[in-house]
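Going by the order they are written in, the chains are A, B, C and D; count residues from 1 in each one.
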Amino acid sequence: MKKLINKPEDVVREELEGMALAHPDLIRVHFDPNYVVRVDAPVKGKVGVLSGGGSGHEPMHGGFVGIGMLDAACPGAVFTSPTPDQMLEATRAINGGAGVLHIVKNYTGDIMNFEMAADLARAEGIEVESVVIDDDVAVKDSLYTAGRRGVGSTVLAEKLCGAAAEQGRSLKEVADVCRKVKDWGRSMGMALTSCTVPHVGRPTFDLPEDEMEIGIGIHGEPGRTRMKLKPADEIVEMLMEPIINDIPYKAGDEVLLFVNGMGGTPLIELYIVYRKAHQIATKHGLKVVRNLIGSYITSLEMAGTSITLLKMDEDMIKLWDAPVKTPGLRWGM
Amino acid sequence: MKKLINKPEDVVREELEGMALAHPDLIRVHFDPNYVVRVDAPVKGKVGVLSGGGSGHEPMHGGFVGIGMLDAACPGAVFTSPTPDQMLEATRAINGGAGVLHIVKNYTGDIMNFEMAADLARAEGIEVESVVIDDDVAVKDSLYTAGRRGVGSTVLAEKLCGAAAEQGRSLKEVADVCRKVKDWGRSMGMALTSCTVPHVGRPTFDLPEDEMEIGIGIHGEPGRTRMKLKPADEIVEMLMEPIINDIPYKAGDEVLLFVNGMGGTPLIELYIVYRKAHQIATKHGLKVVRNLIGSYITSLEMAGTSITLLKMDEDMIKLWDAPVKTPGLRWGM
Amino acid sequence: MVITRDKVLDWIKRYADLLAENRDYLTQLDAAIGDADHGANMDRGFKAVLSKMPEMADKDIGTILKTVGMTLLATVGGAGGPLYGTLFLQAGMKTTGKMEMTLEDWINALEAGITGVKNRGKAELGDKTMIDALVPAWNALKQAAENGSNLGEALERCARAAEEGMKATIPLVARKGRASYLGERSAGHQDPGATSSYLMLRAAADVWRDA
Amino acid sequence: MVITRDKVLDWIKRYADLLAENRDYLTQLDAAIGDADHGANMDRGFKAVLSKMPEMADKDIGTILKTVGMTLLATVGGAGGPLYGTLFLQAGMKTTGKMEMTLEDWINALEAGITGVKNRGKAELGDKTMIDALVPAWNALKQAAENGSNLGEALERCARAAEEGMKATIPLVARKGRASYLGERSAGHQDPGATSSYLMLRAAADVWRDA
């Protein structure tokens, strides 16, 4: 296992300590229970936006705490949903009286832990809405299963909801923005290499030098299919096709195209991916009006990429362009 | 070789095409000869800031073209200095009448190619100043050798000089800012893995599973020493010690601390590195007043990190905080 | 033939030991169809539980089980945390104030725990989850009691049924939890949660055998 | 015993072929003490030169060599581009208008080229660069001419001296170029640039042997 870490059990705490040292102007880090919170929380009268999930996806979520995005983030152990007590304390810490939105990725653990936290918060009189992001088209959706995973759209939801909350919208309105992202966001990912969970010490799966996994999630879980390595353009086609087949929108619509790196893939490759993804979206008549290219929702040091397509209406474009100042995403201020 | 690319010989062109599709609001990409140029270049009366170097270090340099940073960047083949014709055309394209600064990293190839370009540009009546960045303390400096490599400080020089040029400072003044960075910036890097140059197809060096290279550059070249893998804190000590021993400043001074990822190292690890680097800097009485954490000057998919320390005076802090809007670095607008 | 408060603590310790021993095994199972953390999660949770042993030492069974449940909720995370947390919490509710349990009490407590898990996770038998170990195990326990088995016998039947249920998850295609993302590819692997549930009931059988 | 314009073109083609054949070898040498691109760089440059063959076909030697130099400057990049570009440009300056070269002419052209390389790169003999192949090679060429050797013999002596110079770079510690960053670790490896320079003079000896 080749990582810049000390002891596996200290990875999350030390990463959070690093974040606290690096961004005292933007965030505070609370330990035991662990959460990252906007330095001026709670913002009176503003809806609080909270997310959380296992660690190992940095900058998501802690890196998106700040102005115009998340008010707080709860990091779990690596790839493990955080616990209700973290979420409850963070919810309290960011409740400015206008209620709190929980942005939850659709994993059984996240769902259950956030559910318990929301129940406890409501019992204390805090208004809580939860929206579950489930955008991964690599997973077959069904009433009888856990449904689709939440992946790339989460980053976009956090930006858009954060901007909406910053504008002073109500909890319902902010949650409505999140529901639009939930409805309109579609993603799919692939891996060139496995990641290694620190406390495990060896790769989660073995991928021969000439093979790749298509349809992976963000936890080193195996994907939909394994196959021989292909040129980037063919890979992008394999990711874009299921997305395009699944989107509830059509030629002429405006979209945001998000090409994400899984942690071990350099930017030079992401631009090669973006090139083809943009071409395919355009060929289908979609207008790429905004984009995001970089490693924003990662899977430790996994090499690979995921593509997210999100339809954008006028309001969402304005929310996207609104100022944001967080360790991981910043513009306009 | 596991990469998201098509043919090795198309990597640079396709990456540039991806950039052009992604950022038409910020940059134009010129092909044959290749250069990336700010969309509104030349800006009349403004000093043009140009840099360039081999590809494989993204977002440097092309990702730093935009408002408040570079006016143009010349990408060479992977890890190969660009050629004088690219530099000459780019210099012409950004000359707004106030002259052009060439920010050059200290590699024999870069030096010679930029020298020839500067000579040709001057022959055309364009005022050109060149500043050579040579901040890598892993390399022993000497009058009789090629001297130190230019690494992390280059990113900082591009930001600060870009801001100075945006303010309307003269060529000499902008070059003076660059010379301050040259004088005050010190860096050192290490690798956990080698990178693979696309047209070579196999790792540049073989690093056993339990070993690392200390004192590497950004071209997959071997480092100063190879040794057994160590915990992150010890690695950071090994990088910070030669830096601290070499800096021409002292306790009480204000510094920018830049923790850089080499391309294959995820952010979670960089924060663990930052934590220790910040602690060491602070222990030596340096005041970390600004920082940068992320993969900004990479070496393809190499896993590893480099640390840069730059003394900041009041003017530099203001230049650092000034708005910047490029694909790779953005704030304030 | 009753399970004293001290025996309950012994059971928890034994289960904690089994989880520590099987940490890598559970992780390996989870790596195949999940995210390679079930072993670490359960071990972290039960290490935290062990650290609460002093404060549980003089408490009734209900308080002990609720403390275990709360501790798991706050330290395990993932799916395992709320599920095992709920199991212990609900079992604790059924045993409030008790300093010892009869076989009957245990059947009721376990039933409440399993019902809690079902309500929380909405998994059914055959979804390839811990439910596939727990439900047959409880059925066997109940049956044994009805047939007049003594405590030791009944617990052994229970543990064996859990083991069978656990093994029976191997051919199943997962419909709940993280393994469900794999679809057909999840078949051929044993469910990690069913395995940790079996270990829990195996610990009970071993520790309470001679109660 | 003169080198015609056509023979110059043949030499360039042969050198291009040698570089293509030795592309991986040069890259390997550069991987050991540099950045693994010398083979690809030179090959890319001379492929571009080959594509200019039609336009060079009816030109004088000076124009041919200058065209090669300009093409290398614009396509090779790195250290190799300016150095080989300068070498050919300077040699071209010395042969302006010539449709054929005597041994004397070639000695002067090569001297101008080498001087250009020295001025541009500031490397001295023993710095572990292409200079270590070029300078001894030129000395041997000059010596052979003074001793009255014919063209073929002189060129062979030149190529052999380049080869020896190339091999003599192995134990050296680099003081110029990228290999110098390695310090002592650069010893024990043959310099890639010295190797490509040897190939250049080897091509000349082979192609012009029977001029």
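Points worth noting:
What we mean here is this: a contact is a pair of C-beta atoms (placed from the backbone, for glycine too) under 8 Å apart; a residue touches a chain by one contact, two chains touch by 3 or more.
Remember, it's a predicted structure, so these values are computed and weren't measured experimentally.
Among the other chains, D has the CA centre that is most remote from the centre of subunit A. If you average the Cα atoms of subunit A and of subunit B, the two centres end up 29 Å apart.
If each chain is reduced to the centroid of its CA atoms, subunit A and subunit C end up 32 Å from each other. Rounded to whole angstrom, the centroid-to-centroid distance between subunit C and subunit D, based on C-alpha atoms, equals 76 Å.
Under the contact definition stated at the top, not a single residue of subunit B touches 2 or more other chains.
Touching two or more other chains at once is no residue of subunit C. Each chain pair that touches appears in this list: A-B, A-C, B-D.
By the touch criterion given at the top, residues 27, 31, 33-37, 40-41, 44, 73-83, 120-121, 174-178, 180-183, 185 of subunit D touch subunit B in their complex. Within the complex, the subunit B residues that touch subunit D are 33, 54, 76-85, 107-109, 112-113, 115-116, 136, 138-140, 144-146, 149, 197, 199-200, 204-205, 217, 219-222, 224.
Note for the complex: subunit B touches subunit A at residues 2-7, 11, 14-19, 21-22, 55-56, 58-59, 63, 192-193, 209, 212, 229, 231-233, 235, 263-275, 278-279, 291, 293, 295, 298, 300-301, 303-305, 325, 327-328, 330-333.
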